[in-house]
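Labels run A, B and C following the written order; every chain starts at residue 1.
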Amino acid sequence: MQEVLKIENLKKHYKPRGRVASRSSYIKALDGVNLLVPEGEIHSIVGETGSGKSTLGRIVAGLVEPTEGRVTVNGIDMFNSSRDKVRDLRKKVQIIFQDPYGSLNPRFTVKKIIEEPLKLNHVEFDRERITDILRKVGLTPPEDYMNRYPHELSGGQRQRVSIARSFVVNPSFVVADEPVSMLDASMRVSFLDLIAEIQRERGISMILISHDISIAYYLSRKINVLYLGRIVEYGNADDVVNDAMHPYTKALVQSVPKLGKIEEKEVEIKGNIQTSSSSISGCKFRDRCMFAMEKCATEDPGLKEVKKDHYVACHLY
Amino acid sequence: MNDDFSFWKEFKSNRKGVAGLIIVGFFAMMALLAPLISPYDPNATNPSLFLAPSSSVHIFGTNTLGQDLFSRDVYGAQISLIVGIAAGAVAVAIGLVAGLVSGYMGGLIDEIIMRVVDFFIVIPAIVFMIIVAALLGPSLINIIMVIGLLSWAPTARIIRSMVLSIREWPFVESAKANNAGNTYIMFRHIFPNVTSVLYGNAMLAISAAIFTQAALVFLGVGNVTSISWGEIIRQAYTTGALSSGDMLYVLPPGIFIFVLIFGFILMGYALEEIMNPRLRTIKG
Amino acid sequence: MIKIKDLTVSYKSRTGKVRALDSVNAEIGNGEIFGIVGESGSGKSTMAMTIMGLLPRNSLIEAGSIEVDGKEIIGLKPEEARKIRGKKISLVFQGAMNTLNPLMKIEDQVAEPLLIHREAKREEALRRARETLEIIGLDSYTWKKYPHELSGGMKQRAVIATAIVMNPGTIIADEPSTALDVITQVQIMNILRRLQREMDITVIFISHDFPLVSEMADRIMILYGGKVSEVGSNRKILEEPGHPYTRGLINSVPTMTPGRRLEAIPGEPVNIRDPPEGCRFRPRCTFAGEGCETYSYKPVEAGQGHLVYCVKYGEGKNAGSS
């Protein structure tokens, strides 16, 4: 099994704004993340706002430099290679943004938007390449859309353009950052299907970033649950969702709305996500955990393989 | 695209814009057709008509040299428009580039440009202009450059604040992720998105420049031999017409300055309303 | 009891008149949670705004009536309207937590409506504000805090407290949890449930999220393109959905059941600036056929209080089960 994306001990620390900061008060958006995505697979990163999931996506897309750690794609180090290699790598790694409004320049036509990554990366192309990808994402007939501006498209059509732009350069890796969360519910499944279809046909590897574990479950083979910059659970999608072990994962699964009236919803969790600083020792989830023990305050629970291919960072196991 | 078409349609339905355009158009015609409109050569002197009062032949009267004031008021539109538009263009051009670079590059470059902007906003510009213009000499080009170089700071500030928000938009990130360079992003992605405020801003810069030019001439800086509204008011002041209550000497150029400035300001507001998506009601 | 009859609301825009709600009927019983589901362009927020009298200036109520406890509220004089809105019905909307005054303590903000309506003097108002905050699950340590010192979830709770401090009979919650994290969302939902259960408040719960509404509501109304497409009890809607759109919504919910296939609804939400003739859902509907183009939205009664707005319903052609 060939891995396409390999992330080792990835850290990203931010200086808290407006304060004279000592090293210990740095915000640890990512605090030692490891990840392996093999060829042709979709893995998910699931977490709340503040979990560090978007930072992770932006690092993989080359938009943010990590504080520490290594990111390699097809064996090439993303941040410590020659300029030419990095440029070539960026062409192969594309990102799909969440916001179908902000991700398209309002002054560009659809044609110009989709041609941009090809031109910037000096790829030779003909008109057919543009019409093909437009057809692929369901904007048919392509001629009707080529000369339109974003404000002449609906939200769904914009997101199709955004997806077309990400796939037109034939990437080998794609970061999909909440690709459907701003779309109407009735369109979500068809967009997830579209992304999965292109991904499968072209054998692309992908990470899907989502706050919604049910969407991760639908699209991906493996799920990583991220909490305050650390992966707290990792395994096959089915195991993580239907045999959740970490109390946080359980809470996330319980929170997903299901069909049918409920009198009171029980979620075993307290408080809300806070910003972690390195002054918190031990388990970062312990303040919200119903099962916190003495050990949780002192010892950092590492990610352990508790069942086959199912890893959890929790002292309960 | 039918972008221009819809722009005109919207401009036409904007009352401020139409009023502004009529005013500015009126003065533009006045400047262009001055030789046809004015009954006399504005520079022709007549010693026998020393400060002649208003009459059917000289409706606004004459000045100390016996020059026809009405003709001079008509010709005065030329200088005001030329200096206003040229100096406004210089100010907006400098402000645009400074704002783009400052907002996009950030860090030390931003810090330096913004401190320069602060300097130009804080200094009493007119005093500074008097000194510079006096040093450089009062040619038309010098006056334009002095006004332009000293009034770009507000534009730079506005452009910078817009750039600060536009550069965070995902479409900029998407270009970055595809190896786009800084110059490319600044001029291909960000520039087209700030032009919307530029038009309105340019109108305001022009109106400010018209006023500044008149003020400078009134204070004796600038080319006192060329015909301009500021110069007519200055003469009125030095010859005592102001205190003797000769309103037809002072009021026409004063009103012209005021109305022309008002016309540009109206157009500025209209352009801002049309171009700025936050001020307009949601469409399509 | 809120009775909405033939409500038709439109907006004037540059490109012409846009009808956001078209002949909508609804009866909301006292003490129930009434869910309204709809995507963009469905008119769900227009409905909330109309009831609250908060429609923007370019809007027009073309027809219809809204009765609250037997009293018509459309066309009321401002001072009359004030007695109903805010006092009998109050609103919590999506970004409401951002409307808190950053310079005012939480307890003062919650007490404010009482002072504005001259319901109580300051002391009494503060006492009632604190009581309400406690009901909503905000402990005494938050009372004297300023908004920026609280999390998003806590701020949204404070907003709910402000909405119920006047003891309104009805609260309209328009996407009250949309900007919040999933876990916080559960807490907000539980508060709304408690208000209904313990304080007997009627909750009109509006959301784009069908499963979320189905977890909350006693009865559900589904809006599509400014029209009602189906209304009925929660159980009936889930077990015997009559409208193809409802079935589509149910079948596309990612429930995380192993082996369950999700079915996508084709196409995009209707553009209400240019709606299709007849049934609005027709271009996306797999059952569309004869009669749909001329459909006049005459409902079919599928059971007690269960109305389906589909011409194919009962014809046998639209009888697929979920």
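One rule holds for everything that comes next: contacts are C-beta pairs under 8 Å (C-beta built on N, C-alpha and C of every residue); 3 or more make two chains touch, one makes a residue touch a chain.
Given the structure is predicted, the values throughout are model-derived calculations rather than measurements.
Student: So which has more C-beta pairs touching, A-B or A-C?
Tutor: A-C
Student: Specify the chain most distant from subunit C by Cα centroid.
Tutor: Taking each chain's C-alpha mean as its centre, the farthest from subunit C is B.
Student: Report the inter-chain centroid distance for subunit A and subunit B in whole angstrom, where each centroid is the mean of the CA atoms.
Tutor: Averaging C-alpha atoms per chain gives centres 51 Å apart.
Student: Using CA atom averages as chain centres, what separation in Å is found between subunit A and subunit C?
Tutor: Each chain's C-alpha centroid was found; their separation is 31 Å.
Student: By residue number and range, which residues of subunit A touch two or more other chains?
Tutor: Not one residue of subunit A touches more than one other chain, so the list is empty.
Student: Multi-chain contacts in subunit B: which residues touch at least two other chains?
Tutor: 283-284
Student: Considering the complex alone, what residue numbers of subunit A touch subunit B?
Tutor: Per the touch definition, subunit A meets subunit B at residues 58, 61-63, 87, 90-91, 93-95, 97-99, 102-108, 116-117, 120-121, 147, 149, 151-152, 165, 169.
Student: Touching subunit C in the complex: which residues of subunit A?
Tutor: Within the complex, subunit A contacts subunit C at residues 48-49, 154-157, 184-190, 193, 211-215, 217-218, 238, 241-242, 251-265, 267, 269, 272-273.
Student: Going by the contact rule at the top, pick out the subunit C residues touching subunit A in the complex.
Tutor: Residues of subunit C touching subunit A: 39-40, 151-154, 181-187, 189-190, 193, 197, 208-212, 214-218, 234-235, 238, 245, 248-250, 252-256, 258, 262-266, 268-269, 271.
Student: Which subunit B residues qualify as touching subunit A in the complex?
Tutor: Interface residues on the subunit B side: 1, 169-171, 173-180, 184, 189, 192-193, 283-284.
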